[in-house]
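Letters are used for the chains, namely A, B, C and D, taken in the order the chains are written, and counting of residues starts over at 1 for each.
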């Protein structure tokens, strides 16, 4: 339990509103302090893009898992124990030499929490949400990703109950690597589709 | 010449930018100080909704003028000496017991300057521009104008080179009034279509 | 509704600003808001309450400020709590009163269950009107309420790429106090050249839409 | 372009705020900006330069701040002056240098001629494609540049209410450096029920559109 809220008196308008809301929810019996603590703890320490990276690495080394992942992303996540809110239904879309995929939620910020965690601020912000459906190549270039001419590009706008994850291509020069080492190459951005794994990189 | 710009050193960011722009335009010979003064003077002292009000009053007392006004608003304005920028083409739309008209420019703030002057801030602002095409009855109600049930409502969105003015209905109880007195009942808002003239009112 | 949240294809928002090594929560209050939202149920109109914030306020506040505004409004509108309770709590907090502590193992268990794989109820609905490969047109008219159909698609031609098992349409659920109307939904593919008259190479956009959003 | 300026039908902007006895200009600098714009010609992209301000900046600044931003950008892009000149002038002004005075009767006369009735050139164009009473559909795809076709009409069915003599289409004029492409234009009538799925009594919306904006 982080409990950091117990140690600082609210000062900013956001802190004051948050404390007031928590007070009312507690008084009404609609939430408990330890339940909030538990959720925060999960997202700070367990739920994050390392989960998705493990699934990607498994798909790279295990063709049968890859097929299960592409057939039903939520079931493939559950094999690792990942699942729940904002991940009840997951679709995995696969990059190939001919096709690149990128994910967005233009209306809000839908994102597969159980396997990627809390989305980064840029994913939730107007520039990304407005632009990537309309000018995805310009957006990918801003992320440093220039697709070869002729690559087809698919943008997935998560507008309903289905959440998306990109299965990137296994990079060249990784033949001798273990599944764990491979997972270390898979960044959050690779699974959103704004980056691709590099053999020399280390995932944040 | 108001010349108020000569007497105060620019202080706000807007004043500083304005002074810088004026400096460059003068240095480049693209404008002259007295031309700016002359334009400001015209809009502060000559061009305004009293012009349109005179046309409306004339249309109420002179059926032939009313017909000319409805046929070609710019020509009818020119009879009074009114015309020029943002009024090269004017269309007058007439209220009747069955039909009410209201004018907006959703994309910017197009407005018939020569006969109504500078538009009010609310006409240029997002609330009016966004709402009046979609929920005109709610907007009119905010202006205190409740249309009788069954009145048809037309919203004119000035999206090209044509500018609009509403010819309101002459109010009841004004039989003995002169053309000048009638003009005194016609407010700017009546000619935009968010109000109607009242016999007891005096135009601002 | 035609709100500022409906950002797809809109222009003028500038470059994407990224942050290295971003934490899940930038401030403790963000974590509290996230935790409160996941560990409680204050009403069915979570997203619609965000969308009704006001366009300029929406665009100039952060993600968790959206959540905070949503929970405050949604909770009052659903009757989970009252505005007076919220105001009284705010006054207390401002005067230095601590947030009360409540410990409850069952609430913890419920919250953690939500964050683990779980079976979902199935929904019965009329058979889907459209099949794989069908050409469809997105409905053109905007509704005044919450909608999961982005505005940039209105009136656009698309092709059914997948047909999904019925789910409650969120447009109705959020706008009508949690009313459940299960309906077939689809992944629909669009050519960018059917959406925008922009120069440059084309791409495809895939969007999940309920049957309500589509015409044959 | 799909900018924040394209406000028709958008929601979340709140009540209309009115001011009693409003002056033409609230501050002297507003009058100077108005006067400079009318008494000079800094380039063809006046409106498009406003639209490219940035969505949040557009929504949070005033009308004459829009004009100021437009003249600065339009003038630099058209070559009327350079950004360096503007920056140097700003530095001078900030250091207390007075705005230079230039008196020129001819510039005054030109400006005042613009503010008086004057004959306009006619334009030649192909004969209009549509006639009074024709049913038309507004083009669905958004262009990346300036457009006089409001987004709320895209793909909507309407009826030709008037046919007007050709005028240069502003979409091209503003976006392509003042290129003149005369074209027939029309007043087109729309039923509100074809535009929005809102409750309440219907109304009609009339909009002036060039031929480019319409399909048969």
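Everything below uses one rule, namely that contacts are C-beta pairs under 8 Å (C-beta built on N, C-alpha and C of every residue); 3 or more make two chains touch, one makes a residue touch a chain.
Note that the structure is a prediction, hence the values are computed from the model and not measured.
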item: Neighbouring chains common to subunit A and subunit D, by label; value: C
item: Greatest separation from subunit B - chain, by CA centre; value: A
item: Rounded Å distance, subunit A centre to subunit C centre (Cα mean); value: 17
item: Between subunit C and subunit D, centroid-to-centroid distance (C-alpha), Å; value: 34
item: Computed distance of Cα centres, subunit B from subunit A, in Å; value: 54
item: Centre-to-centre distance between subunit C and subunit B (centres being mean Cα positions), rounded to whole Å; value: 42
item: Multi-partner residues of subunit A (each touching 2 or more other chains); value: 126
item: Subunit C residues counted as touching two or more neighbouring chains; value: 9-11, 13-14, 55-56, 59, 152, 195-196, 198
item: Residues of subunit C touching subunit D in the complex; value: 1-4, 9-14, 51-56, 58-60, 140-144, 152, 154-156, 194-199
item: Parts of subunit B lying in touch with subunit D, wherever the complex brings them together; value: 2, 4-6, 8-10, 12, 14-40, 42-44, 47-48, 74, 77-78, 81-85, 88, 104, 106-109, 114, 117-118, 120-122, 124-131, 133-137, 139, 142-143, 152-162, 204
item: Subunit A-touching residues of subunit C, taken from the complex the two chains share; value: 5-11, 13-29, 31-36, 38-42, 47, 50, 59, 62-65, 68, 71-72, 75, 80-81, 85-86, 89-90, 92-94, 96-105, 107-108, 110-118, 120, 148-150, 152, 164, 167, 170, 185, 187, 192, 195-196, 198, 200-201, 203-210
